[in-house]
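Shown below is the structure under consideration.
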Amino acid sequence: MTTATQTCPECDGALTINDSVRMSEVLECPGCRSELEVVATAPLLLALAPEVEEDWGE
Amino acid sequence: MIRVAVFGAAGYIGGEVLRLLLGHPETEVTAAVSSRFPGKRVDSVHPNLRSATDLTFCDAEQVTECDVVLLATPHRSAMALVRQWASRTELLIDLSGDFRLRDADAYKRYYGVAHEAPELLDSFVPGIPELHRDELRTARLISVPGCMATAGLLALRPPAARRLIASRVLVDGRTGSSGSGATAGEGNLHAERSGAMRVFAPVAHRHEAEIAQHTGLDVRMTATGVEAVRGVQVVCHTELAPGADHRAVRAAYREAYSDEPFIRMVSHKRGVYRYPEPKILLGSNFCDIGHAADEGSDRLVVIAALDNLVKGGAGNAVQCLNVRMGWPESYGLSFPGLHPM
Amino acid sequence: MIRVAVFGAAGYIGGEVLRLLLGHPETEVTAAVSSRFPGKRVDSVHPNLRSATDLTFCDAEQVTECDVVLLATPHRSAMALVRQWASRTELLIDLSGDFRLRDADAYKRYYGVAHEAPELLDSFVPGIPELHRDELRTARLISVPGCMATAGLLALRPPAARRLIASRVLVDGRTGSSGSGATAGEGNLHAERSGAMRVFAPVAHRHEAEIAQHTGLDVRMTATGVEAVRGVQVVCHTELAPGADHRAVRAAYREAYSDEPFIRMVSHKRGVYRYPEPKILLGSNFCDIGHAADEGSDRLVVIAALDNLVKGGAGNAVQCLNVRMGWPESYGLSFPGLHPM
Amino acid sequence: MIRVAVFGAAGYIGGEVLRLLLGHPETEVTAAVSSRFPGKRVDSVHPNLRSATDLTFCDAEQVTECDVVLLATPHRSAMALVRQWASRTELLIDLSGDFRLRDADAYKRYYGVAHEAPELLDSFVPGIPELHRDELRTARLISVPGCMATAGLLALRPPAARRLIASRVLVDGRTGSSGSGATAGEGNLHAERSGAMRVFAPVAHRHEAEIAQHTGLDVRMTATGVEAVRGVQVVCHTELAPGADHRAVRAAYREAYSDEPFIRMVSHKRGVYRYPEPKILLGSNFCDIGHAADEGSDRLVVIAALDNLVKGGAGNAVQCLNVRMGWPESYGLSFPGLHPM
Amino acid sequence: MIRVAVFGAAGYIGGEVLRLLLGHPETEVTAAVSSRFPGKRVDSVHPNLRSATDLTFCDAEQVTECDVVLLATPHRSAMALVRQWASRTELLIDLSGDFRLRDADAYKRYYGVAHEAPELLDSFVPGIPELHRDELRTARLISVPGCMATAGLLALRPPAARRLIASRVLVDGRTGSSGSGATAGEGNLHAERSGAMRVFAPVAHRHEAEIAQHTGLDVRMTATGVEAVRGVQVVCHTELAPGADHRAVRAAYREAYSDEPFIRMVSHKRGVYRYPEPKILLGSNFCDIGHAADEGSDRLVVIAALDNLVKGGAGNAVQCLNVRMGWPESYGLSFPGLHPM
Amino acid sequence: MTTATQTCPECDGALTINDSVRMSEVLECPGCRSELEVVATAPLLLALAPEVEEDWGE
C-alpha cells in the first residue's frame, strides 16, 4: 500500500493518504478533524465537508 | 384571571414559565402545548410541579382563545407561531431568538437562515423592562432577549449610554447545561458534559449581536459551558473612554439601576461572594452586576450573573407581562434564591 | 406582626430561617444573633438575602422582648438558651438535637454528654405537624427533629402505626454537605468533600434514636455524605409483617397523608423521577415519599427525600409556627422547587 | 506482542480497555470495532488517547486474525460474537452480562430474554482473579462480572466462605453515570442526571444474582445513581452468624486478601477517608473494602468501592489477561488514583 | 536511585510530587516533610498512596543528605528553605512563587512583601522544558511557574516569539479548588465553593507577571474559580499583529511544539472535545493548546488547559528533573488521563 | 535499630515497633489508623487513644 502526503485545506496539517482512495470517500484530518471529501483522484483533490455546529448556550 | 397559553411547555423555558405563572396571583395557564406529550400530565415532565397543578399538555391545535400567548419554542418555529397568533391575542411574548435582532440580515448571519417574517421585526418591543419599560406598558408583541445577552446588555448599557467605555468590548460568557434546552445531544450526556470547561464558541457567539444592538458597542463574544445546570455569568472586558473614570462608571450604574427591582449591584471588598455569581440566584429573577477597575490602567471589567431560565428567560417574560398589565413587577417573582447552594 | 428572634442566625439553618421569615406575611425578624458577626449585615453572610433585608446581626445580650424565639445553634448550646428564654417568650422553637429525645439516657448515649435540663424534656412538643398537629396548636416549646430523622420518621410512621412492617428497619441516609453546618472542617474542604461517597456513620447514626422514638420500630441507621450541598434522602429497608401486603402499605400512606400540604407520594412507573429525589425539592418544604415491594418476597423499600435546611429544619419550624399561630400552613413556604436543577 | 481485537471499542468500557492496553507492555491493539464510527480515529471518541494512538475504528467484518478477543458490547450482542469468535481465537474475554450467570433461567429472569447459547455457559471462567486465579491461568473463555457485582462479591466472599454471616444480605449500590454507558437517554441528559440521588432499582437489581452465585448468600440489592461520572460503592448490610464475631470477620479478610495486589482493606479510625470511597480510585484497578460492626448487636456493615470502568470492568479484564498470560498482574494497571479529586 | 526530599509533602502539590516520584523508576523519596504530621503515615493524608508506600512524614530537621530537594511550600517559606538547602544539594526545585519573577520589584508588587533573597533570583532556571530545555540540563536551581501561568505562557509564547500578535493580551483563567491548596478557608468550604463561578481576581492576578516575563507581552489577567477540584483553563484574547494571519499562527505552534512530548494541539472542527478542556487531562502531564480566529476580524483566541497539580506543578517539576538527569522525559509521567470523567 | 512486632488492640493488625520507643509516645496502626499510646515499655503495653468523631449529617 503506497501512500502520499497532502496538506489539509483547513489547518495546513499533513494528511497521509493511501493510494486506494476513491472518489467521494471522506477522510478525517488528524490535525483539525475536518472531514475532507475526495472530489478528484488524479490529481487528488480534497474539499472541506460542511462543519457541524453545536447549539449551546441559549 | 388572565388566560395564558404556553407553547413549548415541555421544554426548560416552558417549564419555568409554568412554574412562575402557577405561582402568580393574576394568571391562569389555559394551555400548555407539547407535540411530544399531548394528554400527559405536565408534572410528568416537570416533577417540581407535582402538587402545583393537574394540568395536562395539549396539541397546538387544541389551544383556544386566550389573553396572552407565550412562545418558548426553538427559533424558526416561533416565526410561524407569531404569524398565526399575533392577531388572535392581546399580547404575545416570544422567548426565542426570532424577533430579537432588528436587522433581518444580522438574523441571517447569526442564525444561518433567512427570516420569514421580516416585516414584523419592527413591531416587537424588546422584553427588557430596565430599558423599555414605557414601551412595554402598551406592547402587543414582546421579544425577550437571550440569557447571556440579557446579562451582557444589562451589564454594559449604563456605562455605554454615558459613553464611559471604549467601543470594543469582549464578553466572556459562561453557561450551565440547561442553556441548551432539554434535547439530549451527545455532548449533553452527563458523563460528557459533567465537569466541562467547554469553549463551544471561541468567537462570534450569537448573543454578541443582541448586546451590540442594545448598547451600540462593538461586542465580541466567547462562550464556555461550565459545570452547572442553571446559571449564566458574563465577564465583560473593556477600556474606559478617554476622560472617564471608575467613579463615573459607578455613578452610571447607580443612576440607571437604583430603583430597579431585579438588579443588584455587587462589587464587595469583603466576604466570600464579592462579585456576581449565579449559584445564589437560582430560581430568582435577579441580575447581579459588579465591576472592577485595574489601578493604573484604563481597564474596566464588568461582571453579571443570572439564572438563565429566570431573568435570562421565563422570569424576564413574566416581569414584562407584569409591566404590560400594570401589576406589581414582582408578582410571581418573589423567590430570593438560596444559600448555601 | 409577630416578632421573632433567631439565635444561630449566621449558620445554615439560621440563614434559612431568615429567608423564610423575611418572605412570611405575618412575621418580623427583630433579632438575628451571631457572636462572630455582631454589627455586620446579615446579607454579608447570606448573600441571597441581599435585597431582602438591611438587618444586621446582634449579640445575644442585645435581644429584647419578642414573641417567638428560634434556636438554630448547635446542640448543647441550645439547652442553656432554653433555660434562659423558655419563660420569657410565648413560643420557643428549638432546631438543635437537645430536646428531640424524650429519654435523657438516650441523649447521653447518642450525644456523648449528660443532658443539663432533663426536667424540660417532657415539655417539648415534637415539631412534626403530620404527627402532632393538635398539640402544636397550643405548644409553648417545640423541638424540631433532625433532617434525616424527619425524612425517616415521615417515611416509616404510616405503615408502622398500622403494624404493617416488621420491627427491624434499616435506614440508609444520604446527605449533602450543608448537613454539617457552616463550620470549615478538614473533611468539608471542597477538594476533599467534592464527589464524596463518604460513609461517615456505618452504624448507629444519631437520628436512629429519633426515628425509633416516633415509630416504635427497631431502627438501625447508616449515613453517607454524597455530592450535594443541600438535600437528604433516606432509603428504608424492612419486611412486611405477616399478613400485610403492599396494597395495605399504600392505603396506609393515603390515609395518613392525603391531606398533608407538604407530603407527596411518589412511586411512579414511568418518567425520569420515579422515586423521591432531593434535587427537585431544593428550597421547598416538601417531603416526597415513595415505596416499592419486591415481588415474591416480603421485602419493602421506602424512600423519602427533602431539603435538609427546609423540611429538614427551618421550613418545618416555620410550618410548626404557622400551625401554632393558626395561620395557613403554607405561609412563607410556597416555593415549589426547581426543574431542571 | 499479543494481538488484541476489541469489540464495542467506541463505548465507555471499550475506551477504557483501549487506554489500558495501549499502556500495556505486552499487548498490541489490532482492531477497535465500532459500527457507528468505522474509519474515524479512536481519539475522536476518546479524547484522552490523543497522543497515545493513531488507531482508527473498523467494522466487525474487517477484524482479522488475533490472539485475544475482548467484547465490550451490550448483553445479547455478546452471545452472537462469542459463537462467532470462540473457536477462532486463543482467548475471549466477555465484559457483557451474557455469560456471568451459570443458570440460563436466572439469565431469563434478570435480563428478560432467553439465553441463546446456554450450552456455552459452563465453559466460561469467571473473571475474578481473587476467586478463580488458577482456572484463569488456562481459561479460553472468561466472563468478567458487572461493576457493582464485583464490588459486592469481593466484599462479601471472605466472611461468606467462612460462614461468618447470616444468609440474607442487603446490598446497597451507588453508581456514577458512566455505569449506563455512552448512550444518551433522556435520564442521562446532564441537566437531568446532575445532582441525582436516583433510586433506579429499589429492589431486584440484576447484579444481585451474580453476587449470590459467587457467595452463596441470599442477596437483595437496591441501586441508586448518584452525582459522579465514574465510581461505584456498595454498602452491604447483614448480620453475623451465631457464634461469629467481628474479629473473625477481620481475620477472614486478612487471610483472603493480604496478598492480593488490587484489594486494600480500609476501615480507619481517623482521617477523612475512613471507609472505601470511589473518588480516590478513579482510573485505578483497586477495590477498597472496609467493614464496621455495631457494638452490642449482631449487625455487620461491609463497604466496597471501585472505579466501575477499571476494576469494575476493563481493568479487571486486563488483570485476567495478565493472569492468563503469566505476566505480572499489574502490567498496564499501575496507576494508583488521585488525591485530591 | 536518586534520593529526593520533599518539603510541603502534606500539601496538594507535595502529595502529587510523592505520587509521581513513587511511580518513577529512578527516584526514591527519602524525606516527606510536614510540620503538622510528623510521624504519621503519608497515606493518612494522601489516601491514593495507600498501597504505594509505607513512608511517614518527618520534621524539617530530620531531613538528611539527599540528591534533590523539592519545595512544595507556600511562597515566602520557600525563600528561607532555598537559602538553607541551595548549597547542600545537587539540585533544588522550587514550586512556590518565590523565584519565578526575575525582578524583585515585581515580586514586591504582586506578592505584597519584599523579597528576602533577591541575589538568588538570577540563579534560577525557569522550570519550563519547552522554553529552557538546554539550560535545564545543567541547572542547579529550578523555579517552576504557577499553574495558570504555565498554561498561559505555553499558549502565548509561539505566536509572541514570532511577533504575530499585538502586544496587549487578556488572559482569562479558570481554576478548580485545589489551586488554593489544602488550607480550609471559609470560601473553600464545600457548601460555599461548590458550583462557584467566583471571579476572585477581576484584574491583576499574580500570574500575569509571569506570563508577561516569558512572552514579552502586555498581559492582563482575570481569574475565576469554577466547579472542579483539579484543572485549569486559560482563554487568551488578543489581536493579530499587522500582516500576520491565522495560518502563520498555526505554523508557529507546529514549529515550536511538534516534538514536545507533553503539548498537544487541539482545535477541532468536529466532536465533543474541540478545544482544550481540563477534565480529560486530570492526572496527566499534558498541556493542550488550541486557537481560533474570528473571520473577517483580527481577533485571535488561544485556549490552553492542564491539570494544575501535574503540568501546572508537580508533573512539570518531574519533567524538569528528567531533563536535568538526562532521563527520558516521560519517566513517571505516562498516565494519559481518563475519559469519560 | 531492632524492631519487634505487636498486635493492634483495635484491629489485630501487625504493628512493627522499633526498640527506641518511649513512654507516652503515640504510634499509628497501619491497619486501622488507631493511635496507640505506649503506656509501658518493659514489657511493651499499648493503649488505644480516644477516637475523633466526625460530626456530619445534621
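Order of writing sets the chain letters: A, B, C, D, E and F. Residues in each chain are counted from 1.
In the analysis below, a contact is a pair of C-beta atoms (placed from the backbone, for glycine too) under 8 Å apart; a residue touches a chain by one contact, two chains touch by 3 or more.
Note that the structure is a prediction, hence the values are computed from the model and not measured.
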item: Centroid comparison with chain D (C-alpha atoms), farthest chain; value: B
item: Equivalent interface positions on chain C and chain D, same or different at half; value: same
item: Reference chain C; chain at largest CA-centroid distance; value: A
item: Of A-D and C-E, whichever chain pair has more C-beta contact pairs; value: C-E
item: Distance between chain centroids, defined by C-alpha means - chain B, chain E (Å); value: 38
item: Mean-CA-position distance for chain E and chain D (Å); value: 35
item: Separation of chain B from chain F, taking each centre as the mean of its C-alpha atoms, in whole Å; value: 61
item: Junction residues of chain D - those touching two or more other chains; value: 12, 44, 178, 182, 186, 191-192, 194-195, 229, 268, 270-274, 340-341
item: Per-residue multi-chain contacts in chain F, two or more chains; value: 33
item: Touching residues on chain C, where the partner in the complex is chain D; value: 170, 172, 174, 186-187, 191-192, 194-200, 202-204, 220, 222, 224, 226-228, 231, 233, 235, 237, 272-275, 277-279, 290, 292-295, 297, 299, 301, 303, 305, 340-341
item: Interfacial residue positions of chain E with respect to chain F in the complex; value: 39-41, 44, 54
item: Chain C residues touching chain E - in the complex, by the definition given at the top; value: 12, 176-178, 182, 184-186, 188-195, 229
item: Touching residues on chain D, where the partner in the complex is chain E; value: 12, 15, 19, 22-23, 44-52, 178, 182, 229-230, 264, 266, 268, 270-273, 280-284, 286, 288, 334-341
item: Chain E residues touching chain A - in the complex, by the definition given at the top; value: 247, 250-251, 254, 265, 267-271, 274
